[in-house]
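You will see subunit A twice below: alongside subunit B first, and alongside subunit C after that.
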Partner chain A sequence: MNKKELLKIYKNHIIETTETDYGETYIQIDKNDLYEIAAEIVSMLNGSLLTMFCVDELKYAQKSLSADKKNRYMIYYAFRVPGVKNDEITKELLIIKTGVGESEPEINSITDLCLSANWYEREIFDMFGIYPHNHLELSGLIHHHNFPKNIFPMRKDFAADTKINAVNKIETIHKVSGGGTYLLPVGPIHAGIIEPGHFKFSCFGEHVINLDAQLFYTHKGIEKTAEGMNHINANFISERICGVCSLSHSAAYTQAVEKITGAEVPLRARTIRVILLELERIAAYLTDLMGIAVDVAYYHASTYISKMREDILSGVYSVLRSRYFRSINMCGGLRRDIEDKSIGSLIETALKIKKDLAIAEDMLYNGTTFLERIETTGRLFTKTAKSLGVVGVGARGSGIYCDARKAFNYEIYDKLDFKEIIHDKLDVYARMCVRLDEIKESVSIILQCSANLKPGPVSVKIDKIPAFKPAFGITEAPKGEHAHFLIFGNDSNIYRYHIRSASYANWLALTFAVKGDIVPDFPVINKSFNLCYCSCDR
Partner chain B sequence: MNINTGITGEIIIISIIQTLFLIAVSPLISGIIKKVKAVCQFRQGPPVLQPYYDLIKYTKKESVVSDTASWLFFATPYIMLAAFSLAAFLIPTLSYKYSVSPLADIILIIYLMALARFFLTLAAMDTASAFGGMASSREMMVCSIAEPSIILSFISIALTQRSTNLSTIMSSVAGAPNIMFTAENLFVLFALFLIVIAETGRVPFDNPATHLELTMIHEGMILEYCGKYLAMINLAAYIKQAALFTLIINIFFPYAMMNVLTLNAFLISAAAYLFKIIIFSIIVGVFESSISKSRLFQLPDLIGIAFVLALTSIITNIVKS
Partner chain C sequence: MLSMFKNILINGSFTEKKSYADGFLNSAAPEPLIKVDESKCAACPSKICVKVCPTGAIMPEGKNKIKFCQLKCIECRMCEDNCPTGAVSFTDFGIGSAEFNKLSEKLEKEIKSCFSRSLHIRQLDAGSCNACDHEMISICNPVFDISRFGIDFVASPRHADCLLVTGPVSWNLKEALIRTIEATPDPKIVVALGTCAASGAPFGENYASYGGANKLIPVDVFIPGCPPHPYAIIQGLLKAVGIINKK
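Showing the complex of A and B:
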């Protein structure tokens, strides 16, 4: 079955269909039909949940939809479905949306169809107060035990500067009981310089039976802040969602804006973006590889790799005056052109990485004690990964095709020749191999881009932004696939900005990957996913 | 009962001097190992005297102790320092001739170390921190196999040298230099090397440089200590490491040790000792850099190698005689 046939079958249930010229199909349905249609998409269309979020349409003035407040909360379910080629790799977006009234803020949970809906539904419950019926484990996700009840910060009638007082309540913990089992709490403050996360291990001896990760300690309110901002200022916000993928986040944001406005970004700007995106990817992968080596005390390799990473960051700094690829990207192109001499120095950096990578690979692939540590450690089974909607290296290490560069063909990736690397060993070793191979592909992409780089303009002006036209921006970041969703209001300012970072989709996978492994192996499993806390706390 | 051990006043003075010498040198060993590791990692690394600076820094800091800590927690640093210092006192460092080791044999030294470990594991559980209990159980898992291996190693040495007394062993080895380079004794050398690495909490058994609480063994047990107590525990660990290294180098290479009571002989033996211990530290540092930490449940296998080596050595000994 394909998308068209599905739409035909459910013709009578569909309230409104909107086809866009950028490959996204929006279907509005009644909330009672939601579960059935979602089930069809998952089973018949082989769809996977990309993201799910809510838009409060309280101030959606021109549309009569919400005048009666019957459909005040519009819930979007974005599914990746096979594209026209109908292969495993290319994807298209099919978005179903359903209105939820103010008087009855409830939806049917789809967690039993796809486990990846777990966090999304809990977040919508915390932020908008929409109760998911039959959710598998409904408890506070973003709001911890000390957050007062009945306060829903993402609703439009909640002012961003409202002061909230913590309530005095005791935390409830999922416990495993029985002889020899114990609870091992770790964090939220850790010994290393990392962000807060409270990990509750239920152990039997050294074996991990269950891991309960409580995150979201430093909510920054980025989505709320962005509401009412113009498209230029919001770009700076998007660069600061996460330090590792600042350019990927920014590229996802600008991609959504460019889709909405229909801006034709010049080829030179797109090519330079790809060069920088790939450099960002290499730098982040090197950090991950370094982390894996450090956590098993293989310092010999880790310091060598960290030296390579520093080569990239300082090379990029000398060109961009920013170590983290900031203040270069903007809606409609680049903020400034990069001269060919500077591009040349970036290419040289990439070539140096290619040379040094051979030495690093030798250290990693031939360290027998190192390999022994990472092989069979932290296996994430393909079926689990699929149902959790895992993205990025985590998924590719478990044999799932999910490279957004191939799936959604943004920027100029469709014109470049590169392979999507997948590995079927499922373990830390597999994720290491995927990273090492992708670095090589990235270097090849950079070289192809530099060969095709021609002089020309690097930006177009964005003048008018259509109101209430939704669009997604999807990029393949080092951590995985970032999905940004944007709607502008009729004042040309952002009405709703939803950010689904790759780590948000991957965190649950970590808790499954550690099951059955031993406590001292947790750090290296964690590093092999290298998940980000701050891009969840947006 | 009157046992003539031949201990005179000068022997006691010399023994105290060599113990103080070992204690003074012990942080340097850690400093050298860290430097060697840094060089292997293409880094500059901290100065070799950094362990001394750290100890001084810790003594100046305030000690914050959990409210639930009992007397065990406070007593343990003293017990550890005393036990390891006494063990160091019994081990001939610079001279086997002027040594109090006739007072006690190797078994006592091993069990003085076990006493310190016993109290440290209790103290780690005392504050009820999750990591302390976890680290204690791991420490016990490792030492329950390391201890029989070290005893077997020394039984093998005792079989060749007909004594469990360190002075006697060292003087007979010094008298016949090639005696230690037979197959059975080389087995013991490798066994002891592995055990010493395990006992001092180094890679592949433990990672002294990690910040990851979940992987810790020794560091996990001392997580709750700070200030002067941490300084004492760290010094105790340095002394233990120095004492174990000294055991190996002085049993297998008891050369240029002090046999006459002159200042010259003292200086020569001190220089020779420093040379031997620095070489040994470099070997440990390079060994540590070349491998990664083992999986926790593979540690018994690694120490099992030491156990089997020691056992092979004993069998070889018996077959030979």
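Showing the complex of A and C:
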């Protein structure tokens, strides 16, 4: 079955269908039909949940789909479905949305269809107060136990600057009981230079039986802050969602804006974007490899790799004047052209990395004590990874094709020749190998881009932004696939900005991967997925 | 094992050596990131920089002047790009700076006199975007190698002399932040690293963010930049050590 046939079968249930010229199909259905259609998409179309979020349409001033309060909250379920080629790799977007009334803020949970809906539904409950019926484990996600009840920050009638006072409430914890088991709490402030998260390990001896992760410590309301911003300023926010994937986030954001406005970004700008995106990927992967080596005390390799990383950062700094690829991308192209001489120096940096990588590979593949620690550690089984909707290196290390560069063909990736690296060993070692091989692919992409680089303009002007037209921006960042969703209001300012980062999709996988391993292996398993807290918590 | 020693012999040391090209760091106080040429600026009627700045770091002052608030600047360079007269320019940190050498010697001396050889730092992420934290990792790498000045990152606030706070302080982290500060023995220095720790920009103040570390805790030194260049961090630490000497 394909998308068209499915839509035909359910013709009578569909309230409205919107086809866009950028390959996204939006269908609106009644909330009672939701579960059935979602089940059909998952089983018959082989669809997987990309993201899920809610839009409060209270202030849709114009004529709109649901200006009445009966459909005030519009819940979007975005599924990746096989594209026209119908292969495992290319994907399209099928978005179903359903209205939820103000008086009855409830939906049917789809967690038993796709486990990955778990967090999304909890987030919608926390931020909009929409109760998911039959959810498998409903508890606060973004709001911690001391957050007052009945405050829903993402609702349009909640003022962003409201001061919130903590309440006194005892935390509930999942406990494992029996002889010899104990609970080991860690965090939120950790020992290394890392971000805050609170972990409760239930252990038996040294082995982890269960991991309960409390995240969202760094939640700083970015989505709320972005509402009402113009498209230029919001770009600076998108660059600062996560420092490691600044450009990938920004590229996802600008991609969505460019889809909405129909801006034709010049080829030169797209090519330079790809060069920079790949450099960002290399830098981030080197950081991860460094982390993996450090976490098993293999300092010789980590020091060497950190030197390689510094080469990239300072090489990029001399060209962009930012070590984190900031202030170069904008909606409609690039903020300034990069001369060929500077491009040349970036290429040199990439070539140097390729040369140094051989030495680093030698260190990593031949350190026996190092391999001892990372082989069979932190295994994530393919079936688990599929049902959790894991993306990025985490998924590719478990043998799943999921590279958004191939799946959604953004920028100029469809014209480039590169392989999607997958590995089937499932463990930390597999994820390390995927990274090492992808660095080499990235260098080859950079060389291809520079060979095809022709002079030309680097930006187009964005003048009018259509109101209430939704679009997704999807990029393959170093951490995996980022999906940004945007709607602009009729004042050309952002009405809703939803950010689903790769880490958000991958966090649950970590709690499965550590099961059965020993507590001291947790840091290295964590690093091997490279989960970040800031883009997950936003 | 043998290849390990071979590599060490071949690669030698990467650390910034004693001979440097011309540089930009020349004062103990962090230099302003932005420089305004006042005569050029006075000739500009539009003062467009005030409008384009996303964080409100530039304010008009009188008729012909602008006032720049470093603590709010996220280095987006919109002002520089849009300035019609070219009055605005930025400090660049070149790798290899003559003054860096002087600076590091001074830092080393100050640390010796005050903390008998070592300054121990505890990193404290209070909602940052991770770039500032990654710059902390950068200053430990073999190029900048901050440990040769006796500076080290430690695992617990109880071992620390200095807290490096990043991020605008999120609602969920308030308690952890305050408890960590309380756990650090006196005398201590609190350094807010990065623009968002200094003023909350660009995230601002909202239901989940306090908009800067100094809203909740006493901060001794701000290191602005988004993220600050490793040199700027080293410079800021030097200033911090100077302060604790007086404490």
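In this text, the second predicted complex is superposed on the first by the 534 of 538 C-alpha atoms of A that agree within 3 Å, B and C clash if a C-alpha of one lies under 4 Å from a C-alpha of the other, contacts with A are read in each partner's own complex, and residues count from 1 in each chain.
Here, contacts are C-beta pairs under 8 Å (C-beta built on N, C-alpha and C of every residue); 3 or more make two chains touch, one makes a residue touch a chain.
As the structure is a prediction and not an experimental result, all values here were calculated from the model.
Because the two structures share subunit A, they can be overlaid on it, and in that overlay subunit B and subunit C fit beside each other without clashing.
Applying the stated contact rule after C-alpha superposition, one finds that A:Ala451 touches neither subunit B nor subunit C.
Ranked by how many residues of subunit A each touches, subunit B and subunit C are led by C.
Contacts of A:Ile170 after superposition on the shared chain: neither subunit B nor subunit C is touched.
Touch criterion met: A:Tyr304 reaches subunit B and subunit C at once.
Within the superposed three-chain model, A:Ala358 lies out of touch with both subunit B and subunit C [touch as defined at top].
Between the Cα centres of subunit B and subunit C, as seen from that of subunit A, there is an angle of 60°, stated in steps of 10.
Of the two partner chains, both subunit B and subunit C are touched by A:Ala191. By the document's definition of touching, of the two partners only subunit C reaches A:Arg323; subunit B does not.
After superposing the two complexes on chain A, the shortest C-alpha to C-alpha distance between subunit B and subunit C comes to 5 Å.
Comparing the two interfaces of subunit A, the one with subunit B and the one with subunit C have residues 191-192, 300, 303-304, 307 in common. If you check the complex, the residues on subunit A that touch subunit B are 184-186, 191-192, 206, 293, 295-300, 302-304, 307, 367, 369-370, 372-373, 377, 518-523.
By the touch rule above, subunit C contacts subunit A in their complex via residues 3-4, 7-8, 11, 14, 52, 54, 74-78, 81, 90, 92-93, 95, 123-138, 140-144, 153, 155-157, 167-168, 170-173, 175-176, 180, 196, 202-209, 226-227, 229. Partner subunit C is touched in their complex by these residues of subunit A: 144, 147, 153, 158, 160-164, 166, 188-189, 191-196, 216-222, 224-225, 232-233, 236-237, 240-244, 246, 287, 300, 303-304, 306-307, 309-310, 313-314, 317-318, 321-324, 326-327, 335-336, 359, 362-363, 366, 532-535, 537. Looking at the complex, you find that subunit B touches subunit A at residues 37, 40-43, 130, 134, 138, 203-204, 207, 209-215, 289-298.
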